[in-house]
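These notes concern the structure reproduced below.
For reference, chains read A, B, C and D in written order, and residue numbers begin at 1 within each chain.
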Amino acid sequence: MSHSAVEVLWSRNESPTVKTLAFKWDQEVLPGQFVMVWTPGIGEIPMSLSSLGEIKTITVKDFGPPSAAIISTNPGNKLYIRGPYGNHFTRTDGKKLVIGAGSGMASLAPLVDKNTYGIISAREKSEIILTGNFDQGKVMVTTDDGSMGFKGNTIEALKVFDAKVDMIYVCGPEKMLFAVYNYLKDRGIRAEFSLERSMKCGIGICDSCSIDGFQLCRDGPVFSIDQLGSMKEFGVSRLTYSGKRIQM
Amino acid sequence: MSHSAVEVLWSRNESPTVKTLAFKWDQEVLPGQFVMVWTPGIGEIPMSLSSLGEIKTITVKDFGPPSAAIISTNPGNKLYIRGPYGNHFTRTDGKKLVIGAGSGMASLAPLVDKNTYGIISAREKSEIILTGNFDQGKVMVTTDDGSMGFKGNTIEALKVFDAKVDMIYVCGPEKMLFAVYNYLKDRGIRAEFSLERSMKCGIGICDSCSIDGFQLCRDGPVFSIDQLGSMKEFGVSRLTYSGKRIQM
Amino acid sequence: MTDLAVMAAGIKLENPLILASGILDENGYTMRRVLQEGAAAVVTKSIGTAERPGYKTPVVVDLPDGNLLNAVGLSNPGIKDFGGEIRIALEANKPVIGSIFGSSPEEYGELAHSMQLYGAAAVELNLSCPHVNGTGLEMGSDPEMVEAIVNAVKNRVSIPVLAKLSPNVSNMLEIAYSCSKANSIVVINTIKGMAIDINARKPVLSNYYGGLSGKAVKYVGLRYVYEIKKETGFDVIGVGGISNAEDVVEYMMAGASAVQIGTAVGRYGRGIFSAISHDLALLAERLKVDRISDLKGAAL
Amino acid sequence: MTDLAVMAAGIKLENPLILASGILDENGYTMRRVLQEGAAAVVTKSIGTAERPGYKTPVVVDLPDGNLLNAVGLSNPGIKDFGGEIRIALEANKPVIGSIFGSSPEEYGELAHSMQLYGAAAVELNLSCPHVNGTGLEMGSDPEMVEAIVNAVKNRVSIPVLAKLSPNVSNMLEIAYSCSKANSIVVINTIKGMAIDINARKPVLSNYYGGLSGKAVKYVGLRYVYEIKKETGFDVIGVGGISNAEDVVEYMMAGASAVQIGTAVGRYGRGIFSAISHDLALLAERLKVDRISDLKGAAL
């Protein structure tokens, strides 16, 4: 048996294109770790866990056929998963800020506690998800079109965010990560970034997820701001599913 | 690495045709268990361990090429062994009698303590081995030709042996075992017999060592008198190395 | 309670578990006991015309992780002296399948005929032993020879004929097609391999080369069962690396009508047949089928 | 201290450990890091003429006991876009061996020529991928085609040529002989296999069939290295199931001049190269040799 078959207990729409699915899986998972979710006949893709209790969840954006297939799994039906894989965010008791864009909020969700602020961005209102995880008044929303919250991008939000925090966690499209990295790099704040790459194997074999010789599926997906500093591929280029190098 | 390479520390002639070889092997072994001893290029045969301390020994009779090759292994050279295999004799604190013939004494040797009597048989004097393991006066020797001890066979010795014992352990040629079995079967004494068969694998795969569907290498080589009572092959027939059934 | 009975090669079996050829099946008393302890049928050791001692020891290498290498070398007493063993095995009142090896279609035919006379429920043609010259794989990699052997045997006996094929070939499918007259195809025999002892600086097996079996070959066996079933539609019996109920179900889903178990019998003891039967019934319940045979071909 | 340097296919290697094709070798930065972390050389992923996405996921199945099944499907960017990756890898100043696959001798020749231009220290011909039609094994099981490919490549490049062969054939030795012009024979590629998920009732790989690699195939690889070395005397590089220093020594004793490591890199991480080098030096001392190369062929 290669995958665990877990039954979907319930699902919930987070936005018109994002859905959370819940299942029972008796496995310890740390924030930032991911699973590979297989839909027989369609494909297998990496998914962060968006809650880590006895009942676990994934929060999936409808993108291509593999993610669409996961989203259309009804309660009572099975998800086929393997993992958990990868390293994890370093937890801290102090004051923290999470910066998430799009479905990137999924992997950040388990980090959110009473002491956590958030900056959540998306193109437009309907794509903003998981704001409810934060305490009242601790979350700042930005949209490209200003249809919700602040009109602008993550960096602009970051500039007006003035609370001092002990740790910043970031997840979202690499362009955003790169911008945040550049903004933070000389500011001496602890920060961890969860990256995305094409992931075929999840177990450090296929090289499709690598960045600067590190395998996202083993050495990542979470890297500290210092680690990113030495990477030549970060924000610059990556390999496609076939292995062709393209610019970001 | 399939076999453990153990260095022969010393060797000692027990008789013109029997030699004991000692080696260090960090492995718990119970009395009656055996190892497979491989001589590269020659063959691999089962050997009981004749002492079980930190320094272990095998006591080998020069029979065919495999046993001759083991015997000619000089101190400093290596034995290639795997195991231990098989079940073992049930130890008891009470008064015991060991009955050994020929190299059968090897597997019985670890059982001998202050409270143990022995009947050792062989065709002639030079084949009598390991008498020194017993306390003075507790061992009875018989030879077919009367060249040492009592002239006669094991059964005749058993008849004159009058001490009451709690357990009898027997090892030697099946003819002898069968005779002892028949002598003891209605006498209500606990007894265990270690059998011999051709042994190719030692791990319950090849069927060459089987008796009545039991594998000597796994279920044996030690069987209780009650187990032997239900066996149709015991003392009657066995398979040769090629698998041909021959009468005993 | 799940119904574990299956039909394989036209033989009704009380459960899908058959003892594979070459493991605990040269002594009639052992076969009888294996049947009494829960196997639905046994395949005998491969028997030839004349007595053969086989290779010198070591004839097996006990590998890690439930794998094994062997080169027993088709040791056998010769067909004339094997009837007695089959007679003893048959006392268990379950099917005994006679495995045979030869060097010509005629010889296979004669051996099969003797097996039928001895009361074998079927005959299994070993066309796949990887470590003996002049038989087994040497004949089994030539589709025309395979066809000639299968046809010769079919003409000589009325009991079902099983053709056991080797994974050590480029053209398994072509060979499978050449067995169209057989009642079932049995895959796989062992994969040719070797083990070296670094202290002795020598191959361990006296024959140097042997056959790999056990847990790791399951994935190779599954592929052959699946591919042959899918392409030819023939009855297929799966063998290779089976050691638990999940493995059995995987093979059945790949299209096997029954399975054979070899190496794991050594590893876990004869009790493996009743243990797997027990687990198989529970697993079938979990998979929501009443009859284990309902799972046959489910993954095709 | 033991001298770990070896000569393989005419290339001097600082230790006998090479990264196998298809594992952590499509991104130049990864190859560079693997070299910096202790591999003596890397073989690139097999590269063809045109870009290929390969198969849909799942492309691997993580099996128990250090085994793996894969059907990546020769995904690659196409030779034109691979020069940049090799350039990055070469920054480690160690040999980079370019693996290629094609569908004709001419195509192999062209690809090899590009690899030479990119600075590859040698070219490895993938004649053995078990799960893609029209290349790999399909060509690699025909001795005449293999000979034509090897000769075409030899005529086109001056760097050493390695022929990587498949274990999924009846006639490996004949194929090996047909590579007489190659500088080394690399064995083995993966063994064709399959895995089934009993809950999903489906083969796991999107391509259904894949290639088995990892610990269990070591015994099959050893056999091929030993047999080819013994019969042909050609230089042989061993690959299949190597995960520790003992495994390396077994392959070298069987006749390998160097070894490649694939699956175990995923299992134990890139650090496996330096870990094995360290253990290899200790093991050589225990075996009383000053140079690891003294063990080459010791079991022949």
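The rule is short, and it goes like this: a residue touches a chain if its C-beta (ideal position, glycine included) is under 8 Å from a C-beta of that chain, and two chains touch if they have at least 3 such contacts.
Owing to the predicted nature of the structure, the values given are computational and were not obtained by experimental measurement.
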item: Each chain counted as touching chain B and chain C at once; value: none
item: Chain separated most widely from chain B, comparing mean CA positions; value: A
item: Centroid spacing, where centroids are CA-atom means, of chain B and chain D in whole angstrom; value: 50
item: Distance between the centres, which are taken as Cα means, of chain D and chain C, whole angstrom; value: 33
item: Chain A and chain B: spacing of chain centres that average the CA atoms, whole Å; value: 68
item: Chain A: positions in contact with at least two other chains; value: 1
item: For chain C, residues contacting two or more additional chains; value: 63, 195, 198-199, 202, 246
item: Chain contact topology (line, ring, star, complete or other); value: line
item: Chain-chain contacts as defined at top; value: A-D, B-C, C-D
item: Chain C - residues contacting chain B, complex; value: 23-27, 29-30, 32-34, 36, 45, 51-54, 56-63, 68, 70, 72, 75-78, 81, 84-85, 195, 197-200, 202, 204, 206, 263, 265-266, 269
item: Chain A residues touching chain D - in the complex, by the definition given at the top; value: 1-3, 5, 36, 38, 40-45, 66, 78, 80, 82, 200-208, 210-215, 218, 232-233, 239-245
item: Partner chain C, residues of chain D touching it in the complex; value: 63-67, 69, 141, 167-171, 191-196, 198-199, 201-203, 208-209, 212, 215-217, 219-220, 222-223, 226-227, 246, 249-250, 253-254, 283, 287, 298-299
